[in-house]
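Report on the structure given below.
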Amino acid sequence: MQINLLSVLDYAGVAMFAASGALMAARKRQDVVAFIFFAAITGVGGGTLRDLLIDAPVFWVQDAGYVIVCSLAAIGVYLSGGRGVDGPALLWLDALGLCVYACLGAAKALAMGVDPVICVVMGTLTAAFGGVIRDVLAGEPSILLRRELYITPAILSAGLFVSLRTLGADGAWAIGAAVAAGFFLRAGAIMRGWSLPAFGQNVKD
Amino acid sequence: MQINLLSVLDYAGVAMFAASGALMAARKRQDVVAFIFFAAITGVGGGTLRDLLIDAPVFWVQDAGYVIVCSLAAIGVYLSGGRGVDGPALLWLDALGLCVYACLGAAKALAMGVDPVICVVMGTLTAAFGGVIRDVLAGEPSILLRRELYITPAILSAGLFVSLRTLGADGAWAIGAAVAAGFFLRAGAIMRGWSLPAFGQNVKD
Amino acid sequence: MQINLLSVLDYAGVAMFAASGALMAARKRQDVVAFIFFAAITGVGGGTLRDLLIDAPVFWVQDAGYVIVCSLAAIGVYLSGGRGVDGPALLWLDALGLCVYACLGAAKALAMGVDPVICVVMGTLTAAFGGVIRDVLAGEPSILLRRELYITPAILSAGLFVSLRTLGADGAWAIGAAVAAGFFLRAGAIMRGWSLPAFGQNVKD
């Protein structure tokens, strides 16, 4: 039962990241093949890096469903002209997906017996690296360089999830609390412009 | 016998992709070490990603011949001043190599028992990803963003090869037909400017 | 005893590469999370690629100490305002780290029974690839494209180390001689502007 919910969340998260990749292709006025390429890289990129690093079989190579979901998301964005996936709805779905993915990525590493500190890194990479690769391939300034809080909510979600699980909390509760905390931080960044202090007041180039 | 032909095709393909990497180094006015670096990344990059993803031993780590072939191709381009490898000859060899590689990459994944849909992805990555990494490292607009048909012929070749093999066709026939179809499409792109419709007539930024 | 020295060198090398990543974040006026991200990628990026390619468990996934060292280096650079890590001291430490890392990377591949030619490649990648990824993610012109001798000293160190070891030399002597040779070449590049001839006198664009 809980496995089914996780599967649905998993596919939904991949589809949403894929849609954000397709929107990048749209901004670059690409053809439908580039839409699929960008959608797939953004959708599965973070989880691919995680699986390579923890030496797990790469999830989408084992299950062709993920590539198909990414392709459908890309074709959907292409045919819809981007309507319904651009704008605030996507921003909030992306915020939710970011935090859910940070927990799912950390959970997979925990299940493989990886050190908890490294599990937090894996959760963060799973959530954020697809977007990093998307930006690099598109020749856009990386999400890493925007001063907006984006990686930080992923770290918070992954860190809180791993802490709660290590302390013995139930998986569903741990995900719920960790996603809520990360989402709250990301929402503050979106609505109030919360950010960390930039380096630079105290240094000369 | 067929294995020998495949080996020759394989080294020839790597050498040709390597030459295209070396030409990028030439355009950037680099030294011979950068020639070798770009040649090697372009020559073996796609196959490396495929092997990591399907958890096969990385082919050039097992057989130092590939790195040596890439180095020789790079030194050849450097010493020749690029004569004989630039211009139309390279363009057509690249088109041929692209389609051959898409089939060889898919064949390796098929032989490892990977799902056919994913084998098509692996063939496409093998053929196209070396060039993607080359462009990113050189700071050039990625091949992904050019509207020319380049990824699409690779997908066609890989897809047709996997379909024919799954339907029971002999390997040599399947490669022949798949390369011919992909090459025809790529030739149309080169000679007639064939392309897929760009996104953008129906959307506002 | 020698293992302990190697461990200290190893952590020191990671910390130094991490500091160079953090300095990139400083130049881009980032927050402390981006400092840690850039420090970690630069510190462990090269060794990660090596481990994936030779199919070894990724070193920092096995031992959380490396990520912690990178984080501390990043926080140190952030808090210090970059004082003490920018400028000539870092340049020389980086030169030393480059050559030491080329040897350590090659040694790990040799210990796994990899072909000596490929061990030289692995040493070079270990030393240089963290910086390549750092530059790509920061959107800066890659170290590959600077005409300064940087990859070449790494190749010299790795090549000499592998040659000496293959000829039966003791590990400590081989590292000493290989680091000295590579460092000498890099010092010439820094102080005297030594470089390899650029391509381009003999070719028209």
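A few comments on the model shown:
By letter and in written order, the chains are A, B and C; residue numbering begins at 1 in each of them.
FYI, a residue touches a chain if its C-beta (ideal position, glycine included) is under 8 Å from a C-beta of that chain, and two chains touch if they have at least 3 such contacts.
The structure presented is a predicted model; accordingly, all values stated were derived computationally and were not measured.
The angle needed to superpose subunit B on subunit C by their Cα atoms is 120 degrees, rounded to the nearest 5. Of all residue numbers used where subunit A meets subunit B, under half belong to both copies. The two sides are thus made of different residues. Centroid to centroid, with C-alpha atoms defining each point, subunit A and subunit B lie 29 Å apart. Under the contact definition stated at the top, the residues of subunit B that touch 2 or more other chains are 52, 136.
Per the touch definition, subunit B reaches subunit C in the complex via residues 25-35, 37-38, 40, 48, 52, 57-58, 60-61, 63-64, 67-68, 78, 81-83, 136-139. Listing the residues of subunit A that touch subunit C in their complex gives 52-55, 114-115, 117-118, 121, 132, 136, 141-142, 144-145, 147, 151-152, 155, 195-200, 202-203, 205.
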